[in-house]
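Multiple structures follow.
In what follows, chain A forms one complex with chain B and a second complex with chain C.
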Partner chain A sequence: MSVQQVIFISFALLTVFSAIMVVSLRNLFHAALWLVLALLGIASLFALLGASFFAAVQILVYIGAIAILLIFAVMLTRNIMSDEVTQTNRAWGLAVLLVSVIFFIIIGQISSWSGFSQPLSEFTYTGQETILALGKGFVSPSGFALPFETASVLLLAALLGGVYIAMDKGKE
Partner chain B sequence: MVSLSWYLILAAVIFLIGVYGVIVRKNSIAILMSVELMLNAVNINILAFWHYNTQLNGVIDVSGMVFAAIVIIAAAAEAAVGFALIISVFRRKNSVVAAEMNILKG
Partner chain C sequence: MTISKWLGGLLSNWGVNDSWSTFILYLIGSAVLGTVALLFTLLFIWAERKIIGRLQDRYGPNRVGPWGIFQSVADMVKIFIKEHIIPSGVDPGPYHLAPIIVVASVLMVLAIVPLSTTLLGSDLNVAVLFLLAVGGLGEVGIIMAGWGSNNKYALLSAFRASAQMISYEIPMAIVLLTIVILSGSMSMNDIVLAQDIPFIILLPLGALIFFIASIAENGRAPFDLAEAESELVAGFNIEYSGLKFGMFYVADFLRAFISAVIFSTLFLGGWRGPGAESIPALGIVYLIIKSLLVWFLGVWIRGSLPRYRIDQMMKINWKFLTPLAILLLVVVMLAGKLVESAGSTIQAFTLIGLNLILLAISMWILRKNETRVEIIEVGSRDRPVARPDNILTKNPRGG
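Presenting the complex of A and B:
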């Protein structure tokens, strides 16, 4: 077993374990903290794939912004659902069955593809070259300038809408 | 050497854990957490295929990275609007349980 495989397996196990804790813990605050760990494991997998920019963005955006937002929302609504009440509905057995059936369908489908077990060799590019290519693609009009600008408008609209929806409009 | 299938299987596992959480959880904040897990699994898939395509063609594939960036932007927008909706419903109904959000029911 190569070093890369050992690193991959340890981060993958960490990520899967944290993800299971996220969906199964009763205490939502702890679930949010496990989510941070799962996101960190995914960021290290991005780094292992050679996407260093996305590893950094994952830490900045997900752990820095979204997870903090989540923890705020958990704390604002904290004492509504006590931790003793069961946090799952009655369909959990059915859900486990459904999820495992879908898993075997997905694996059965994609394992028949010829590139499935293709080994991913390490990039010869430095990290900067991929970031440079991404930046040029984002600003060149023949590349992805329009989707990039549209995405920024979407983000602005979503944030303004979020502020408007959550605003306290006073007691009517 | 890590092969593509490892990433694909891992992404499928994380995605399905997220699906399980969305189906099973009562608290709407926990549902949004599971949605974040699903979006991250999709990003693992996209970046694994980006790596595969780049090493197959020998040039850096830009469109894969653009897809991954747009998924992250969509996730940020979804989290902002989703939490705003949850806070708004919490103000009105004093509850975050998804089954009790029935204001639109006729």
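Presenting the complex of A and C:
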């Protein structure tokens, strides 16, 4: 077994295990910390694939910003830290059924795709070219310019909405 | 390089295949780098205490060894043999992991710093992003420490520290973006190679913003709100004792030096200097000299300025540094495109000019809005000062 495989298997197991811990723990703060670990595992999988940009952004955005925000929210929410809250409601059986059906449908669909059993080809880009290619893909009209711009408008709208909600409207 | 070749040859002789031997070599390399950095910290702690002592008219450590140089060794031994107290009610997982994560997040930055032409840990093509991402890991560590300690002072301090770190990451990231625009690359090595003229000359304003933001990111005076003794007792590490406290302490001092290394890599040309291309070992020397200068500036500021209030700290960031950094980014972008064809000399002069104009305008706005506070002078201006003839002299009463 090559070292890549060993690293991949250990990180994949770690990611899956911490993802399970996120949904099964009672203590919300611990769940948030396990979420950090799960996201870190995903970042390392990106790094193993040679997608260093995605690995760095995964850590920067999901751990540096979102997970910290989540932890703040958990810590500042009253009574949410008690362990008495049940984690499931009455619909859990139905949810399990639906999720497993959808899972098998997706797997069935993907496995019939021709690219499924094909091993990944070696990355042809080196160094900065990877990021240049990514950036060009985002902004070139033949690439993903429209979804990219739409997403940025959406984020701007969310930002403005946040400012509006936080604004002190009491002073007339 | 030759050592790594020799070791690689040795491993392949033992029948280790190639991918494993690369893995083992990287493991050894990171272990060496981490250990050396941690050992250097002992010296930095001593030097910083000594310098701050001199700045505050004291002798500083002066008992163990010549000029007290072994003080930190003695402190280290003391910390090792101290009783390890775990307060009741801590959250064991976060409590025990936090110091390790904090130290690791500091050490991980070293992996991307090019030490000389040939010697660098990893030429990551997204090193600039990695730098910011690792800072985020440090925040997680601090929050874990604050939460796990089961102490309201620790928690408040962790809130403060992480709010500060998240806020000051923004101007830092924007200045890093301008550097990426100038050098055309996100890899640290390319950034160093692009600095035929050091970026501190091209981007004096950017360097200033980055320096202030990195002091705040390190949580040192005048931004050491997270350990304001008068308000929060001792900060997020209040419930830690013995070795775990030592790890926070080491992380603090090491971070100060590593951010100086990053600053000199980004703005002062890193390992570049006369003769550094042909003799790689000189590169390390240049890098260390430049970093020590920046580090000394940080210590100097730490020893001289009083602490900001939390609202002032937030104002400096959100109302001054961030808008200024965004403005700088836009200006550099536009200027870079407009005079792109004019040749590198004119480009450099435009950049310097624009930077200085921006700096002057922002200073003028600050001056206009400043409110003067009357300070009543207490006592007289003449005061007795301890004046050692030579800062390194030993005298019988110590020092």
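We take it that the second predicted complex is superposed on the first by the 138 of 172 C-alpha atoms of A that agree within 3 Å, B and C clash if a C-alpha of one lies under 4 Å from a C-alpha of the other, contacts with A are read in each partner's own complex, and residues count from 1 in each chain.
Methods note: a contact is a pair of C-beta atoms (placed from the backbone, for glycine too) under 8 Å apart; a residue touches a chain by one contact, two chains touch by 3 or more.
Because the structure is predicted, anything quoted here is derived from the model rather than measured.
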| item | value |
| --- | --- |
| Clash or fit, chain B versus chain C on superposed chain A | fit |
| First (chain B), second (chain C), both or neither touched by A:Thr130 | both |
| Partner chain in contact with A:Ser52 - chain B first, chain C second, else both or neither | second |
| First, second, both or neither for A:Ala65, with chain B first and chain C second | both |
| Touched partner set for A:Ala73, first chain B, second chain C, both or neither | first |
| Partner chain in contact with A:Leu14 - chain B first, chain C second, else both or neither | neither |
| Touching partner for A:Leu33 - first (chain B), second (chain C), both, neither | second |
| Partner chain in contact with A:Ser2 - chain B first, chain C second, else both or neither | both |
| Greater chain A contact set [chain C / chain B] | B |
| Smallest separation of CA atoms, chain C relative to chain B, angstrom | 13 |
| Overlap of the chain B and chain C footprints on chain A, listed as residue numbers | 2, 4, 53, 57, 65, 72, 130 |
| Contact set on chain B toward chain A in their complex | 1-10, 12-14, 16-21, 23-27, 29-30, 32-34, 36-37, 40, 43-44, 47-48, 50-52, 54-55, 60, 62-63, 65-66, 68-70, 72-81, 83-88, 90-91, 94-97, 99 |
| Touch list for chain A against partner chain C, complex | 2-4, 29-30, 33, 36, 52-53, 55-57, 59-60, 63-65, 67-68, 71-72, 75, 127-128, 130-131 |
| List of chain A residues in touch with chain B within their complex | 2, 4-5, 8, 12, 15-16, 19-20, 22-23, 28, 31-32, 35, 38-39, 42, 45-46, 48-51, 53-54, 57-58, 61-62, 65-66, 69-70, 72-74, 76-77, 80-81, 87-89, 91-92, 95-96, 98-100, 102-103, 106-107, 110-111, 115-121, 123, 125, 129-130, 133-134, 136-138, 143-144, 147-148, 151-152, 154-155, 157-159, 161-166, 168 |
| Touch list for chain C against partner chain A, complex | 17, 19-20, 22-23, 91, 93-94, 123-126, 129-130, 132-137, 139-140, 143-144, 147, 155, 159, 162, 166, 169, 184-187, 190 |
